[in-house]
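Worksheet: the structure to be examined is printed underneath.
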Amino acid sequence: MTTSPAIPSSAGSRSTAIKTREIRGVICPLVTPFQRDGSLDEVNLRRHVSFQIAAGVDAIMVTGGCGEFFALDDEERVRAAEAAVAEANGRVPVIVGLLAPGTAEVARLALRMRPIGADAIMVLPPYYVTPSRAGVEDHFRRIAGAAETSIVLYNNPRRTGVNLDTPMLDHLAGLPGVVAVKDCDRDLCSIAEKIDHLAGRIAFLSGDDDLGCHSLRLGAVGGVWALVNLLPKLFVKMSRAVRNNRVAEAESIHRKLLPLIRAVLIENHPGPLKELLLEAGRPVGTGRPPLQPMTPLQRRNASGALARLMGRSAPSGRKRR
Amino acid sequence: MTTSPAIPSSAGSRSTAIKTREIRGVICPLVTPFQRDGSLDEVNLRRHVSFQIAAGVDAIMVTGGCGEFFALDDEERVRAAEAAVAEANGRVPVIVGLLAPGTAEVARLALRMRPIGADAIMVLPPYYVTPSRAGVEDHFRRIAGAAETSIVLYNNPRRTGVNLDTPMLDHLAGLPGVVAVKDCDRDLCSIAEKIDHLAGRIAFLSGDDDLGCHSLRLGAVGGVWALVNLLPKLFVKMSRAVRNNRVAEAESIHRKLLPLIRAVLIENHPGPLKELLLEAGRPVGTGRPPLQPMTPLQRRNASGALARLMGRSAPSGRKRR
Amino acid sequence: MTTSPAIPSSAGSRSTAIKTREIRGVICPLVTPFQRDGSLDEVNLRRHVSFQIAAGVDAIMVTGGCGEFFALDDEERVRAAEAAVAEANGRVPVIVGLLAPGTAEVARLALRMRPIGADAIMVLPPYYVTPSRAGVEDHFRRIAGAAETSIVLYNNPRRTGVNLDTPMLDHLAGLPGVVAVKDCDRDLCSIAEKIDHLAGRIAFLSGDDDLGCHSLRLGAVGGVWALVNLLPKLFVKMSRAVRNNRVAEAESIHRKLLPLIRAVLIENHPGPLKELLLEAGRPVGTGRPPLQPMTPLQRRNASGALARLMGRSAPSGRKRR
Amino acid sequence: MTTSPAIPSSAGSRSTAIKTREIRGVICPLVTPFQRDGSLDEVNLRRHVSFQIAAGVDAIMVTGGCGEFFALDDEERVRAAEAAVAEANGRVPVIVGLLAPGTAEVARLALRMRPIGADAIMVLPPYYVTPSRAGVEDHFRRIAGAAETSIVLYNNPRRTGVNLDTPMLDHLAGLPGVVAVKDCDRDLCSIAEKIDHLAGRIAFLSGDDDLGCHSLRLGAVGGVWALVNLLPKLFVKMSRAVRNNRVAEAESIHRKLLPLIRAVLIENHPGPLKELLLEAGRPVGTGRPPLQPMTPLQRRNASGALARLMGRSAPSGRKRR
């Protein structure tokens, strides 16, 4: 057994009775607003939280990938989480993204986040270090021990090189504290199988904007989608349409969203998304380094896609092409 | 232009006259020894440094992947670097690995490392965040600005999902401070092309144990290889054999090493390597979480490969198989 | 413009009024039965055709991958197609698989198949040779010209290394003669997008057994699945359940099939499938070289999966696991 | 044991004493010339053979990938092989490429080629059908049985999706008749390991133009390179330079070739190569379908690269860049 003084834990004090409000539905992975001088902009962050809640989202996430986790220092991560929790004020669950590669670093951050009272933290499997499967489990178990909050697993194999497959998720779903998985798996059979296997145990949340509508149709209970930042009502409407079995309406919304998704979720994410938010009258500052501004071509594509979407956003019923 | 108060820089004070001793030859990426209670073991770290220098390595690296960068906290990273620099005491160059994904975090760490006086820091391209090529350059430029030391680029596409290809390296080689690249590229044409293009500008260092001998034959000026921790003299001998055009001798050493490389550099690296170091009478503690102990089968394979290597380590000239 | 005497064509005589019965629903890719001495067994092939039609399949395919196209010579391919068409006798459409890599060879075969009067031929994009996108279109256009029958496109990127993506299919759907695509794409967004884009123009047919149920739920109009050979009624039932919006029933059938699919569709396909057909009392001979018999472990897995499926095939409503 | 009347064999008559002249050095994979009307041009094929032999190549290959195997019918394949063997007239060994995916088809072709008296046939592992490892061996064993000539294995994983790794080659090298492997593996360690393991048993031939020089430096005994068609003397010179330990000269030739290799070996290969041969005054006709002519941009790139290479082909000794 490996020992590690570097990983804090609550040494047995952990209550087994963590009660989380259910994490499901449309979840907004908040961008982190910055001021002109580049510093954290808590005023606009709180505004953005209330804007999202007013638009009907079911939960919010702070300091995830959209929130530029890697560009924030620990102080800023804590302040952003505090601001989000305070502004949400219990209206919707708040999830805090802790995306660092190492077990020890995530555990330390989880410990610092405890007093804030977020509903859950979202954690990647250990990446870069390539442990065995037992090591992946060990990672989540130790972090859960330090966190004293619910855990949302995050599977993003294209970015981390590590895949949480069905047997692995099946196993991790049994760890204390694990309540959901945000999954960027793209394989149709694998997605459907995970939804089936995890049903009734933990929530399967779609993690890619372009898979959202289809994943809900296949039984996913919710999703974390970047463009919710920009168009929360449209995602809420799509989600409700699937839930109420109005598949044609849901598909029609997805069809409108897809060109925008492809124009925005390119390199330098969430930089382009922040530029569009400004265009839409919701200033959140620019992305921090190493993110770069959109090229003129990228901007033309993205603005064009947004304009076309807006022009057609009335429920026209007209057939594409 | 993006601004970022989160990234420290030396604001113009940076001397353009950084003088690094050449980084080339056999470089040991030191494992980080831990004590029984899991805490940093600076005594054994210093012993390991002097053992390596006595064995003839040309440079040492501390807190790289072999050094469990992700399992250390900032305090420990600084202390490990200080111990290595103090012990090396100018006898060989010391490189400090700063492997975090984000620009800001690496820049902050680089700033903290400045007073220690290491010869270089080793930095990955920004990973997880997938910036544009301009963003990759921005990343290294900002970190070089904060570091006031030489930069070793680190290309490890299988672990990071980001590839520094020949045109990118060609470009980065022109940034101030960049003196070398540790490269885990495995494509024969690409490796040879990089060696050719970078010759006379920055040092091409092989980054995979199993590519070491071949890369040297193709013109690489050195390498950073995990098993140097265990068998420094053998790597020094191989390297010298290539330099002196004794290809058959070099190949013979490589042939002996290959089974051990394959048995040790598996999941949970550098855990298995640390277990073998103990077996070889050089205790460095175990790997920290999420690394796991070897399974009995893995241990049998690794110990067997080491024993076979040792039994044949005399220059017998006998033909394999 | 390239010229080629090697590619036959009907030189303008091609009627633009090819009328195909619709190709959709459950399609059986017939295994090709062989006799004890290894020669083509037309008697059992015809029996298998009528067995499938009696079980309710909507179409049959002969000399596809399941039919060991590559192990047959031209004479046998023609005889197998003749037998299938004669036995089907208009009860269901018959598709002939022509899976050769080269344009000229497929066109020659298509010409030979003309007199037989099958409803369609199924054709892969040119593989091994890696032409440009214009070359892919040229390939299908020339073959359609030679065939004078409908064309089913076949996208199987894992086997051919060539991918027919949405824009390519969008384009090919406009070629004269193209009526359907059998697609082994596994990406959820791509599958849903293809179904959406091709709707009303050509039929999207699922090409992987493990994607069948989900693809139908997403709007695919049918599928070509290997295990239909063994369990046609179960696939017909699943397909009907989706069509009649009984999703839970369809999913339950899929859940029963999945372990068998995984045990059978391994290396040496369709060898293992033929062994199971024998076990089920429907002898079709063994696979031709280079296919190998199942290992004892594989056979135990496959037989076990089939037995478990049969034991549970009554609509018990019991929950899996 | 599977039986197959479809696969001819020489039923025990096979002499175990096949004697092949050694296959090594610079091998030209001949393009197949076509006449204006698209038919096989044996006159120019024979001219091309003698041109290559006069230029100093060590062996020639006919009806390989460069020879558009998939665009030829069996009659043409036989005629091309006959023409090449007759023209070579024993001056250099002749290899016949038989690239079909299926065991039976290759065996049938091998049988037809017997009377021609080529020195060897080149055969891919069975592709598309994905047999087990035992099936791969079975494939080569059966074809060797039918061929009564030497076998050159051909590993081209990017085109076939099947990889012949070191253990597999180690095993296949022991089959009767196997004398060489043409390998497109790109992994440095794997290439070096194969060269080492196969030394003294079968010849390791480099199969990618851009890997040629480096592979020779690592110990490959020869290579099959597309651009030998265009510049045989340059490849002969490079090969001789490596053999005589004039590495700088060899590298300098490689450096000149690389831009041309990249401009020509793109989609539609060998179409662009045939266009350049025409430009160089050696008309061989165009590529057959599905190959397409170069786009204007591709042509500009390719012609430019050739012109720059010619302008510098004198042994100037000037340093690149």
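Of note:
The chains carry the letters A, B, C and D, assigned in the order they are written, with residues numbered from 1 in each.
Convention: a residue touches a chain if its C-beta (ideal position, glycine included) is under 8 Å from a C-beta of that chain, and two chains touch if they have at least 3 such contacts.
What you see is a predicted model; the values in this text were computed from it and never measured.
Counted as hops between touching chains, the shortest connection from chain A to chain D is 2.
Looking at which positions face the partner, chain B and chain D present mostly the same ones, since more than half of the interface numbers are shared. Most remote from chain D, judged by the distance between CA-atom centroids, is A.
Inter-chain spacing, taken between the CA centroids of chain C and chain D, is 34 Å.
Between chain A and chain C, the centres computed from C-alpha atoms are 40 Å apart.
Chain B and chain C, compared by their mean Cα positions, are separated by 51 Å. Multi-chain contact residues, meaning those touching two or more other chains, do not occur anywhere in chain C. Under the contact rule stated at the top, the pairs of chains that touch are A-B, A-C, B-D, C-D.
On chain B, the positions that touch chain D within their shared complex are 186-189, 191-193, 196, 208, 210-211, 213-215, 217-218, 251, 255, 258. Listing the residues of chain C that touch chain D in their complex gives 2-7, 37-39, 65, 69-73, 76, 99-105, 108, 126-132, 134-136, 138-139, 142, 158-161, 267-269, 286-293.
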